[in-house]
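Each of the next two complexes has chain A plus one other chain: chain B in the first, chain C in the second.
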Partner chain A sequence: MFGGLRERLQSARALLSGSIEAAAAAPPSEKPDAPAASRSAAPEPQVRPPAKKTATFASKVRTFVIDRELIITEKELADALYELEMTLLESDVALPVTDAIIAHVKKDLVGKHRRIGQSVDSLVVSTLRSALLGVLGEGFDLITYIKNHERPVKILFTGVNGTGKTTTVAKVGDFLKKQGFTVVIGAGDTYRAGAIEQIEVHAERTGIKIIQHQQGADPSAVLFDAVQYAVSHKMDVILADTAGRFHTKANLMSQLEKIRRVMKPDLVVYVDEAIAGNDAVVRAAEFDRTVGADAVVLTKADMDSRGGAAISIAHTIGKPLMFLGTGQGYDDIVPFSPEAVVEELLGDA
Partner chain B sequence: MLDSLSTSLKDALKKLAGRTVVDRAAVDELVKDLQRALLSADVNVKLVMELSKAIRTRSLDEAPSKVMSVREHVLRIVYQELVRLIWASTDVKLEPQVILMAGLQGSGKTTTTAKVARYFQKKGLKVGVICADTFRPGAYDQLFTLCQRINVPCFGNPQEKDALAITRQGLHSFKDLEVLIVDTQGRHALEANLIQEIIELNQLVKATHRWLVVDAALGQQASEQARRFHEAIGIDGVIITKMDGTAKGGGALSAVAETKSGIVFIGQGETSEDLERFDPDGFISRLLGMGDLRALAERAEEAIRAGDMDATTLMKGKFTLRDMYQQLEALNKMGPLKQIMNMLPLGNMELPEGVYDVTSTKMVRYRIIMDSMTSAELDDPSLINSSRMQRIAHGAGSTPDEVRELLKYYKLMQRTIKGLRGAGGKFNMQRLMKRFSGMQ
Partner chain C sequence: MDQRELLTLEHYLKQYGQQAEIFASQLELMENGRMEALAAVEALQGISDADDGTVLLQIGGGASVRVKVLEPDKVLLNIGADVIVERTNKDAVEFLKDRIIEMEASEKKVVETLDRLRTQMNEIAKRIEQGYQQTVQAERGAQAAMGDQDE
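Presenting the complex of A and B:
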């Protein structure tokens, strides 16, 4: 998973290290230059360069000579940062998010003093790690949440068309069932042809109770019934599937709001696909704004060896990622842990 | 985001407006903004780099014609380069054929299959659909229901696990039909056994066309996936789905470039009617978040006159109910108003929220009400007093309240358009209408 991004990040990391190494190699040649110039040019040369050229030049030399440290400048990083930017863009990290990450890395690295003996690599890695971790935030532990929460826990799944909500509901249901919770599924997608049949088959295969009405019924009513069922049977979790809808359709979005009013979910889970590009940011923000989102599930992570959408969405709406969908089987779902992912991305190849 | 991008692109263009010599720095800036616009539309990074390089070189090397301003010169090149990329609009022939649908999971193959079936059916061909998706639960039910709604025979068997066997039977039982569409299971390039299956399916059905269905939101993966599908079965057309959202479809553009094919259809909506032939101009405008680039480019070609074009196309006359009627009629076929507004060259113009809130059902109601008005009332809505309102409501089977609401909406629109005019935007009713009719 995310192998592509990992490869790319590693090459970007090598480049960043490379340009810092190059910068490190440069000063020794500058050092004889500076005194030579100062000797021949004018009196008080030590004062003039800072005033005229850059403040960093003199301080750079001074730092180098006295502290045996190097200062990293923006110019030295430019190429490597450009490379990193392209890497992120090619990995489907949305443009504004890429800008934010680049800014973070730049801010962290530029002007940093580095001891000569210190490994460049570790500096770069720690910067990238903090940038990525900062973006990805905390994961979301569903099991702990359910354990600490009053039963039944009502979970509503939302998202645009074709991201894999129904399959995700089945997978999460299976996952929770294996953890020993009792689960009921509400077939809230009453619009799409075949949706009820689809979730019915999933429920049958995983042995989970399903509450359904016929096609065209009011989804709020279906999900309300599911909640009632769970309450009266003392079930632990309700998983509410909904029809896919675009954030641009005002009436469908207000239908979703009605569902939320009626079933009062404890968790609204936004489902999107890992292969989505820049639009992932737009629609995640819109869903978050209109119906709210407490956690995110990213599907189809097995197709996408890059995983930029994870970074984009997490950064945009600041909500934790809960699961990654990684295939078509019920077991193909992985609880998301930011540390593990970042470790995998930046770890040694 | 979209707004800020198109604004910066326009700013960059504006800088070129007054110049007589092509300025390297200004061109560089324009190219950089163009890159950002394309990247945030999900166009493949390498493709963007190639494209921007070509635009930069051509802008600087080619001498602008004497009658053209520098801005027009650069715009023309931008337009030409983009059109070159998506130029190959695939011809859909109305003759007996077999079409194999391929694509990733959840890209909208099944819905699109029904839409394509409806398209050929409307053209008077006998259409049959074969459901070769043996994996996803409910796939056959979905396709069967969709086909039933449009009265197209659908062959499938939810019990059968072998897609090839189903397809073979389907081919046999549909051998009298003219157009056969084979819907397949969603798959991605890393699933070797599924790729092998679609290769065998392709050999079995001897498909005339193999169309790749691409979600408009698909990102950088598009190139890679399209390439693998192309290697496997030779894609000769791309269908972009879910264009009714906010995604720009740049991924589809990468897919087209990768497969050297064209965009056949665009899907934007959930019913079987929501399928349109591809319109490159509308697509490019949306991609860049800019208005009618073609009209601009054509103006440049004709070189009517140099100078700033913004001021030339101000709307003349007043906005009457009749205009609104036409507009609603066009909108009805177009999709959400917000999306259309995004296509217009309004930049970061602030529009009152209420303008967007008119849903399609309401638009239909409005049109019915307007049908009950006299010509005089349509031309001059101020004539409508309460007794006329009563009459109109009566004729349209609605209430005076609804008529009042319509008039309120009309006033809102009128104010909006006045505002645009006042701000000197290039909001041209005629051109707007032309665009709408062009896209139907």
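Presenting the complex of A and C:
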């Protein structure tokens, strides 16, 4: 997951570290071995430690940077920051998000008197870490939400065609069932040929109750029935599947509006695929503007090497990521954890 | 195998088929993107090699015109996130080649998923076939038994 971005971030990280080390080594006036000078002025110049002369440049720089206070100028980091900016943009990280990350890194590193007190690489990694966490948001903890919410919790899944909405509904259903919740699925995609059969197979395989009508039926009616079933059977969660649609299709969007009016969902979840990159971010923003969204699920994250959508979506539309789809099996869905994504990206640090 | 089990298997097969279709169309999109990038690399190299910057520009319908590229070493490139930057010809080619490698890696993953789906589809199809044969044999057996009784 996000392998390409990870590799690029490693290079950007090395460049930032190199720039700071170079900045630290540059001013000749501040010598790292200043105490040695005062020692030489002392009346008893006895033993001179020869080890200092044999120290490598790298170790010298390292001690130098760790031990002293350092002012890093924007100019000294300009090249490294430019490379970081290119790295993020080339990975399809949206421009406002890239700007936010760069601003965070700049604010953290530039212009301050700082006693580093740690290795340069750790400093860079912790800066990148906090910059990424700043844009990734906190994620959406569905389990906690359900536990703290009046039952049944009604969740409506929306999104464009072919991004894996129906499969996501099945995966989330399976996930919630394994967490001990009772789940019913409303087969609200009555438009696409085979959609009802598809969700029926998923429901059968995962052992989840499904409420369905015939193809072509009014999806609002199906989902209303699903809500009624859940209420009368005291179930915890209703997962409402809907037909894929583009926000530009007025008739389908008004149908979605009707579903919202009838079903009164507690959560509207927008589903898109991570590999769509910036397109997914733009579409999510459009959907949020037209129908609203409370959280986002990104599918096919395992096939996405760039990671741009996952990094950008929460910051761009201001709505948290809920899950990442990572494969074909029902278990291949992970609750979105910003810390885990940052760990994946900054790896060994 | 009873009729209900056969029906379920047919549903599975259909579902896998739909998934395979989605991945196949995704693969096609990726392949188109890769071919486009390869064509761009070739064009950029052609522009760079042209002595006075004159190249043939295809305008469709098999027609081409000679055009002179004003700044053959300046390329406006969409690097991602809909951001366009100016790069030198060489840097643009390098960028596109990296992107091609990335696309090939992504394509490989999609192909692997498709292969897995196809293997599963073949297994289901085999089981359906066996089920049908069992049903046919059972029907024939029943008919033969009926015939024996008639005699």
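Operating definition for what follows: the second predicted complex is superposed on the first by the 302 of 349 C-alpha atoms of A that agree within 3 Å, B and C clash if a C-alpha of one lies under 4 Å from a C-alpha of the other, contacts with A are read in each partner's own complex, and residues count from 1 in each chain.
Just so we're on the same page, a contact is a pair of C-beta atoms (placed from the backbone, for glycine too) under 8 Å apart; a residue touches a chain by one contact, two chains touch by 3 or more.
Since we're looking at a predicted model, the values are computed, not measured.
With the C-alpha superposition on chain A as described, chain C and chain B clash in the combined arrangement. In the superposition on chain A, A:Gly318 makes contact with neither chain B nor chain C.
In the superposition on chain A, A:Gly111 makes contact with neither chain B nor chain C. When both complexes are overlaid on chain A, the residue A:Val201 reaches chain B and chain C alike.
By the touch criterion defined above, A:Gly329 reaches neither chain B nor chain C. In the superposed pair of complexes, A:Asn251 makes contact with chain B only, with no contact to chain C.
Taking chain A as the reference, the larger set of touched residues comes from B, when chain B and chain C are compared. Of 128-136, 200-208 or 380-388, the chain B stretch that intrudes into chain C once chain A is superposed is 128-136 (criterion: clashing C-alpha atoms).
Within chain A, the residues touched by chain B in the first complex and by chain C in the second are 86, 89-92, 94-95, 162, 164, 194, 197-198, 200-202, 275, 277-278, 302-304, 306, 308, 328.
Of all residues in chain B, those touching chain A in their complex are 1, 36, 39-42, 45, 104-108, 110, 135-146, 188-190, 215-221, 225, 241-242, 244-248, 250-251, 270, 336, 338-339, 356-357, 359. Partner chain C is touched in their complex by these residues of chain A: 3-4, 86, 88-95, 98, 162, 164, 167, 194, 197-198, 200-202, 204, 275, 277-278, 302-306, 308, 312, 328.
Across the complex, chain A meets chain B through its residues 86, 89-92, 94-96, 160-164, 191-202, 215, 246-251, 273, 275-283, 286, 299-300, 302-304, 306, 308-309, 328.
Listed in rising order, the residues of chain C touching chain A in the complex are 8, 11-12, 14-15, 18-19, 22, 25-26, 79-83, 85, 95, 102, 105-106, 109-110, 113, 116-117.
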